[in-house]
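Next, two complexes with chain A in common: one pairs it with chain B, the other with chain C.
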Partner chain A sequence: MLVAGELAGQIRRRERSAREVVTEALDRVAGGDAAIRAFVRVCADAALAEAEALDRRIAAGEDPGPLAGVPVALKDNLCTKGLETTCGSRILEGWRPPYDATVVERLRSAGAITIGKANMDEFAMGSSTENSAAGPTRNPHDLSRVPGGSSGGSAAAVAAGFVPVALGSDTGGSIRQPAALCGVVGVKPTYGLVSRYGLVAFASSLDQIGPLTASVGDAALVLEVIGGHDPADSTSIDAPVPRLSDAVEAGVEGLRVGVCLELIDGVARDVEARVREAAEALSGAGAKVEDVSIPELRYGLSAYYLIAPAEASSNLARYDGVRYGLRVDAPDAAAMNKATRTAGFGAEVKRRIMLGTYALSAGYYDAYYAQAQRARTLVTRAFDRAYAQVDVLLGATSPTTAFPLGAKVDDPLAMYLSDVCTIPSNLAGHPAMSVPFGTGDDGLPVGVQVLAPALGEKELFRVGGVLESLAPPIALPALGALGSVERT
Partner chain B sequence: MAISRDDVAYVAALARLELSEEELERYTVQLASILAHAADIAALDLSDLAPMAHPLPLKNVFRDDEPRPGLERDVVLAAAPAVEDHRFCVPRILGEEP
Partner chain C sequence: MTPAAHDSGAWEWVVGLEVHCELQTATKLFCGCRNRFGDEPNTNICPVCLGLPGSLPVLNRQAVELAMRIGAALHCSVRPSIFHRKNYFYPDMPKDYQISQYDEPINVGGFLELPDGSRVGIVRAHLEEDTGKTTHVGGGGRVGSSEYSLVDYNRAGVPLVEIVSEPDIRSAEQARLYVSELRGILVATGASDGRMEEGSMRVDANISVRRVGSEQFGTRCEIKNLNSLRSLGRALEYEARRQIELLEAGETVVQETRHWDEEANRTTAMRSKEEAFDYRYFPEPDLVPLDPDPAWQRAVAASLGPMPADRRARILEVLGGTEASAQRDQVGVVVNQALDDLVLTAVDHGAPGSLALARAANEAAANPEAARRLDPKAFAQLILFEASGKLSSTQSKEVLGELLVRGGGDPEAIARAKGFEALAADALAAVIDEVIKANPAEWDSYLGGNDKVAGALIGKVMAATKGQADGKVVAAELRRLRSSS
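For the complex of A and B:
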């Protein structure tokens, strides 16, 4: 399948029409998504209307932008004006946001065309996309396996070849882990690089929006479009986004790469082997590679699973049956709140709300929440020491390849351990990328994770570009191919 | 300090969630296992480290104090489960007991 940059080029040069490209994407979804269920909603009519309007603008000599006519999927926690946005939750069923998220506006201004909303774990809480009120999404490489999560619909939509670009959100690994399990590129930018305005909040000090794409170059292109200061988000960094597309081709000559032992220790042997091969590939391309140990990273998981639920318990207090979403009637307001939340939230969301409420409650605040925040400082300082020595770190994204549906649904802690390699970057607010690099013993994709200090996106994309060019090829998912066969 | 069944019932009430007996049982076991994992950081002496609430060194962020349009009232109210006289409508909050 064509990458987004090339597709936009063809459309801008009028070699193909946006209508044709969007129609093909919609046909692929219609042909293949019944089995995968990457999308919870497809907006075919609106997408075709937008494509036709774009074609008219191009015919009139206008340039619609670097993503002209590129079909995209949006994770369903990104607000789309007038288009239902449910966050995989019953509590938001039928909700049509009154405004667009900043990233949605920016994608549209760059010519991209939203074809639908992608499935996700409820309120982005999960690592398998099984916690969705809409039912699970399946991994296009093996329909008996999960796509990862929580941005599993976004990753599956790209892996199946439905769209070249999707947006997800990453609070503890929710872009990178599904990208790894589905064999696509996923980037969690530096906290504050991409506006969170219009992203339904989970844990506000950790959440970041980022791209899931078929190529590293596309991820750079999308990040250049969606990144940059936004007055509507008070945590948005007031600095220009660096030119990342150039970095993809810049090579890694002289770059100092640290293989982080704590990010390969305890992961599956085949995953560790791919990380080591990726390090060798970088070394062969001129990088200076060494092993680095950051023992403090092992405290990330515990800190995260207190901080994120604490923030979530506060953020999700807004679902009270008053201003939007579900209401279950009861004689008084408190009983109505309770009946609404009990009926509207799924098991994992309730679990996290209670965990967070407990960590914040009188008598436990210092022992749990404040201690977790101190551990967050510990992890961040440990990163700082490592980055005095190396420019980027390398590790696994996920401890394993895609696991079977149902394997971890009854054991929350086992599910949480899926995020052990991705969480530290969220705690520190640092950028990180997952790049496909070969397969495991089971033939399923393996993702290698590249980590950089705050605003180190340029180095991230230099490494990503080289890894992509040297990665062993991954077989295309059978269902992606089926989708394209059916449309001809 | 393992979390007890009463603790879970208490936080569920604070969070306005109704739990069945069976759920209460299950969540107590699950939350205890998650909190047991957090024993690793509980055991650390971190008293010399400041708690980190946020990755960015942000001070107050202000915008220019200029009036600008907000969302339209009727558009916002259209999403509400119940509306009366251009206001959100809720059941009784304070009230005489019957």
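For the complex of A and C:
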């Protein structure tokens, strides 16, 4: 599989040109994405122009940075100047942001080249990438299955080998769960480590941007590039990003690892078995492994489904047809708002706006929103107690391997349960990583989740590096066959 | 008992005011766009104040400082505070929520002492962002019948401080006094230009009535669209009368928001309590808590200049402590128009204070911008001329008017040019005397009845006065001298 760090090294040493690398990536997308539909938009001309400019800079003796010439996919909720950004929604059809997200600027100044925008559940609400106005994305390992979501396009683009690096966003598991289902590495950083400026908001207090990559080392490299303080985001942490690339090779000797019982209870047997095997592998590598119980984590899902919709109901109010995106005309402004929102939003988005509006309403605020915030505090404190005992926690990322398309679309609660293991880290603002570790009984990838306390990225990458080196191999998707699959 | 008190019997007004004040910051509350009134529509805008997807607010330090200055001037305490989102749909609100402080505002618990000695409590003075401005085109400019609406987002995100009073106000006069005093304070802190007519200060009033002696509040109404001190007073008078009439007829007051219709001179219902918006306030997750460090708070409080009350006290002090109510009003005008220096300098030069005060509060204050540019020494000299009888009061006012129009000048020269005075006559007589002595032949000829030489004599006087003298006055003086010789 492609590794971004090596690729950038070859380009910086002029062993390969960026143009050649980007052309190959575009060819792979052209050949395989009709079946997978990881991308909602490919910007071939702009990417090639950027690659050529980069090659000229290298020829002139400049060093374009650690991601020189690396093709990347961006989740379509990251603002790209002049390039349509629609968040998988009809309501933003045709909207071209007049500015780049901070992470997009940082990727570019490190030499990375954006080749397209990746599909997603509408406004990042979903766990299967089926809630997209552009239609569903398919799992490269089995085209009848979902890639997970909401960053399903990003995960599928990496899993299919289109690009070595993609960015996603994670509000309740939207990077880690698709990473697990597609057999790639996905990291949700500590809240505030990566600037949210230019990330179209779903739930502001939970959203974080992070990498989906083919290797743990690449995830470290990308996080070093996109992380760090940004004055444009008031919630951005004012501290330098640690050297994560070194941590990947540092091993786990003496590290205290807790297998979190609540994060394997109730998950599929084969998934639980892979988590246990991962724990054994870490133990074999010198970590001290023990079981840990954090009963409060069970409040996470309910708290999340009040807080996230509440914030979303406010964040999504601006799509009113007045300034940009879709407008459905009507006799007056209020009727125009209503007609626009009725036509522009999908069912899941509407459901969450209503849930959130209700949770914030006069007379219900204390019982719902305020109570959910208390539960959130409870979860955070419970984590704090656990982290007095262990350095990192281990659990499942997703309760199951990739499920068939359509299996949960009519059962929102079943779909919401996909995030039960990932949500607690968002509530606490903690970092977590999903690392591929073998397959389930169905032969599909299983992700093991590593959790750490706030700013515990170094420990996360130490564990991730070891797990990656000891993981049973996963069969790569057969790319050659993809082109022949019928487009649906 | 005054007739008015008798008419309204035992009713008492209970009024609280909410004053929105636009802060004079260089940039907006959450972005770097210029905060400037009157620019071409939609030129001071960016992704943040347009609420574009993905944009995030960053709090303006200068706005926090000005809010703290206002708080300090109103004797409030600064508290750790947070921002909330106030959710409602409106086309001129780019995010369809307003970022505002709600139950944890920056300034709490102060008071404002009015010139009449009464004190109005201040509940809070909090920070929030302004909205854009909508213009309805066609259909008489009303939202319902207009063909389309235009929105200007230059004002969207402009910082506001909302100052909420306790319901301590009992009359229209006290309400006007409160707003006027508050305006003076806002200007003195440097936070605001205090211009109600340009909308940089906007007032909403909450009013209820109750029987004198009752401790319980009546049902209140909120009145919006009060754009001047005059409409504030008239709206309160109307609304109190309406509520009293309802109650005396055995009916009840409905809690609602009412709109002041300036032309019809009445308030009309906008929406009742049942129809009131549910704003679904919740803490703004895109901003962090605001907790200004104590050293900053102390520095801000220490940097406050004298407030209007201090300046009034100073003027009354140099006037000799006269407490006449007419004079207090004049002092108020002088302080509100920032003409303190005219009065203080005149007194310093030995002019009588009451005269300086009267000219400053009446003639100078009629053209306040010009008056603020006037050299206080010139003003002092003018007052001295008037006080010594060299200029009549009518002449003095005319010279002052000329000084204001010209934006300065020498009062003596202006008075001479106008041929005024005593003063002018004295000075002119001396010049004419010199001209006669220097031109004995012409003078003899003139005395002999030759009027033709008068022109030459006048011309020499004009030359000697560099054109300042009035030709007709000189001619009259020559005739007077001939007839008396």
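Simple rule for what comes next: the second predicted complex is superposed on the first by the 479 of 488 C-alpha atoms of A that agree within 3 Å, B and C clash if a C-alpha of one lies under 4 Å from a C-alpha of the other, contacts with A are read in each partner's own complex, and residues count from 1 in each chain.
Here is the rule we go by: a residue touches a chain if its C-beta (ideal position, glycine included) is under 8 Å from a C-beta of that chain, and two chains touch if they have at least 3 such contacts.
None of the values given here were measured: they were computed from a predicted structure.
In the superposition on chain A, contact of A:Ala362 is made with chain C only, not with chain B. In the superposition on chain A, no contact is made by A:Ala250 with either chain B or chain C.
In the superposition on chain A, A:Thr235 makes contact with both chain B and chain C.
Considering which of chain B and chain C touches more of chain A, the answer is B. Residue contacts after overlaying the shared chain place A:Leu143 against neither chain B nor chain C. In the overlay built on the shared chain, the residue A:Leu48 is in contact with neither chain B nor chain C. By the touch criterion defined above, A:Asn337 lies against chain B and chain C together after alignment on the C-alpha atoms of chain A.
Legend: residue contacts after superposition of the two complexes on their common chain; A:Arg327 is shown touching chain B, with no touch to chain C. When the two complexes are overlaid on their common chain A, residue A:Ala268 makes contact with neither chain B nor chain C. By the touch criterion stated above, A:Tyr99 is placed in contact with chain B and with chain C alike. Common to the chain B and chain C contact sets on chain A are residues 95, 98-99, 205, 231, 234-235, 313, 320, 322-324, 332-334, 337, 357, 361. Listing the residues of chain A that touch chain C in their complex gives 77-79, 85, 87, 92, 95, 97-99, 101, 196-201, 203-205, 231-235, 310-311, 313-314, 317-318, 320, 322-324, 332-334, 337, 357, 360-362, 365, 369. On chain C, the positions that touch chain A within their shared complex are 47, 50-59, 85, 87, 89, 91, 94-97, 143-144, 149, 151, 278, 280-282, 285-288. Chain A makes touch with chain B in their complex at residues 95-96, 98-99, 191-192, 205, 231, 234-235, 237, 298-299, 301-303, 305-306, 313, 320-327, 329-339, 341-342, 345, 350-351, 353-355, 357-358, 361, 367-368, 370-378, 380-381, 412-413, 416, 427-430, 454.
Across the complex, chain B meets chain A through its residues 1, 3, 7-8, 10-12, 14-18, 27, 30-31, 33-35, 37-38, 40-42, 44, 46, 49-56, 58, 61, 63, 71-72, 75-76, 78-82, 88, 90-93, 95.
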